[in-house]
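Below is one structure, written out as structure tokens; the observations come after it.
Read from first to last, the chains carry the letters A, B and C; within each, the first residue is number 1.
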């Protein structure tokens, strides 16, 4: 007979594991990837694969040769980081090498420098993305024109993103804005993983069903962004006005455009909900989501960048420990 | 449907021995009776080598305050009085008895008749509980006479009978309800009388609809017994959670149920109370579930307390399967892993649960990803992940400030942890350290 | 341009001067008067803050030395006689000579092989394991093998032997601070005199069960037969509760008991024995409940 195992209770486990959670997130990202391939062609797939492979490679190298710990590449967290990083860059040919640098920063600086999975204060994919945005501002804001993309073509004609056009304040921007339906399906310019709200919502529904995430952060994030921008829009809706004899856009963007363009959907559903860097208590998650929503709209409206989701999430990541300290679960026995 | 307010998990129920009727196990040839089968100090042996004892005769006397009498479960000759290793390998004072025949004390009523009337006064009932060595059979084995002796200045308003049986696998309470509903109700009435409370509530999880129907039927014949179906959620049967589910009250930190006017007893205890008060039978028998997914058969059996695990296994399933990985006394969530199968069973044991080697192994621990699942699962509203860090770094003072002592060790945190961290173990260690620190300060 | 530079220099200079004055007065106001001797004593201490002296750290030890102005009852085990001499010189008091000690693991490497009865699968902490069961070999006294002593050692002087599951002390690194002995919930580790050339004899077992029971648990368990006590010419061995104990202050390391012991529970180390491996004394592992073993109070 075997030796009897001895341990303290409990003797059963829910079978939940970090690996399962990470793979579920990966599965939830597949619809967005498929839509991106449909709209941006093979380059979207190539960038994703390059990004994922380099994230896994860097993690393996760092664990093996620097930290000298058993490798955790198989737990799928590096794949999540790789996919999210890829989703946050434009689908252009130059990204195929730039994203490797992003992967190194994301894994090396964003995650392993703090001790690996679970110890990083900031979302690694966003760390990589922001690093690229600051280091390669031109490449990172050169978007392929979605109407001219060829499936196998790597050299793309560049086009604008809706937020970029509005930021430029050109009078014609309003007329050139894509239809709401296109914004929902994904037929707009932008980083290739963030364009389709529908695909992201599909993935989110899967995560909610599997209880990987709870509704609190996405709802608070998107809801706050919508309400805040709605207030601004009601005060002064966006319109064309002659300033010093030149027709310019003035006023604030409407709430629907706000939440359907840029990275709000992807950010709120996949990056702000990263377990490691978001608060644990439900009340804390609501505060976190509201903070992200407010900061996003503030950065978009009054900041230099047309898009502010990455910065908003990173800023809120930095206050997560504080929120955790403040938002305790309610004790059963007081 | 009623339930407790926060946290909880739902492990696979695995009530596979539900339909196995209670069978009576034969008396083994030799019996070892441990002297501390209850919470508190061990009883003092009052027999010596060579003494003849009968079934139900007092052999260990409660001399300390927190203690309970121990009676001989068999008749025969005392072989020796010396320590015996218990199920966890730790030596405990014990009386060894060589079994000869099966001669019961004359005072014990062994007829199958059911006796409903109880003329004893509350004080007499409590005294008799003490005499008969009744302890709580829900697992903590708290001596019943202390629990039912409500201290001055406090008043019991609710009697709650825990028949939730929220632990996976266990079915002994279910079988008692199915086969001895009337006796249980009489026992509950007696306890109700001892406390002087208007109503007794029997909480049963809704995964036992037959038991609920049966008890509801029976309760109609008794005054002041209410059957309360409860949601299937672990730890529904934990004292504080059960009080919360049934009455909505919360037991404050560091207080006892009686401080909020509640007394909670297990269903098995109510049955034992019936036998003790109405039939003069001390607590000498246990109903154990012998179960396991890979076992050839499932059993619920009535055994004399002190029968060894090996004897029970031999008479029910023959031998342990070769792939056995773990033997647990109690349920999977709060039961204890047994090391020594030659050890005698004690009061409060509710099962012999045999786990397969694949089920028994814990998965390797990985890094905490701060998902907060432990926190959401905790029925006490604590933060297990934080205790893990604090205890590991020996920050005991802080662990105490975060109310580590509120923990009821239900195991929900470990159960739900995707990183497989032994959170419950760490918290137990932390609680021990906090207690040691507090004792050192005094 | 010159003017701008000038303004910058003046402004910064003024700010600097202002804060210098503030700092000066604050420093005066909150000055802590402290015997400079404390710093000097703290300087010669090893600075590991191991707590072996019973104080909160090296500085607390230095304060205690200076406060009582002698080394009576105070000894820094890691520093040994050299540090004691230096402190005595600083304080101008007499030195107490102490016998050098070392941590000794009093349990045979028994958590392995045929002795193993169960497989521990829970938290790797001896303090916790001790509350769950007796140990993988069934001995309620012996080493639990989870390494609380290893975690407690600040000098990297104790390691788990992967094969036997019991800890091994690195004699050269061990400073006899006693942290491992305190950490062991079973009190398996004892501080003993190192002995001449590191040669010493000790009973490597603390099982107090009756002989027959102990023997079933472990073939090297002391059965309390008392043969060693009879053979000892120096009356260094006592048998209480079925367990022999060698008083290291009386033992002359004649090794008569070693050959006499029927279960080989008595071990000699560092003797140039023929075909005998020199064994390092081993500290044990275990977490931190209680105080140290009786013999672990080692300063004298």
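Worth pointing out:
Simple rule for what comes next: contacts are C-beta pairs under 8 Å (C-beta built on N, C-alpha and C of every residue); 3 or more make two chains touch, one makes a residue touch a chain.
Fair warning: this is a prediction, and the values are worked out from it, not measured in the lab.
Relative to chain C, the chain whose mean Cα position lies farthest away is A. Of all chains shown, B has the CA centroid lying nearest to the centroid of every protein CA atom. Centre-to-centre separation of chain B and chain C, using mean CA positions: 42 Å. Chain centres here are Cα means. That of chain A falls 51 Å from that of chain B.
For chain B, the set of residues that touch two or more other chains comprises 336-337, 339, 360-362, 422, 425, 428. Touching of two or more other chains is recorded for residues 4-8 of chain A. For chain C, residues that reach two or more other chains under the stated contact definition are 117-118, 121-123, 128, 132-133. On the side of chain B, the complex with chain A involves touching residues 5-7, 9, 11-12, 168, 240, 244, 250-253, 255, 320, 322-328, 330, 332-339, 341, 355, 357, 359-363, 366-373, 375-376, 378-383, 385, 403, 406, 409, 411, 414-420, 422, 424-425, 428. Every residue of chain A that touches chain C in the complex is listed here, in rising order: 3-8. Those residues of chain C that touch chain B in the shared complex are 117-118, 121-123, 125, 127-128, 131-135, 138, 140, 209, 287-289. Of all residues in chain C, those touching chain A in their complex are 116-123, 128, 132-133, 136.
Looking at the complex, you find that chain A touches chain B at residues 1-2, 4-14, 16-18, 20-21, 72, 75, 116-119, 275-276, 279-281, 328-334.
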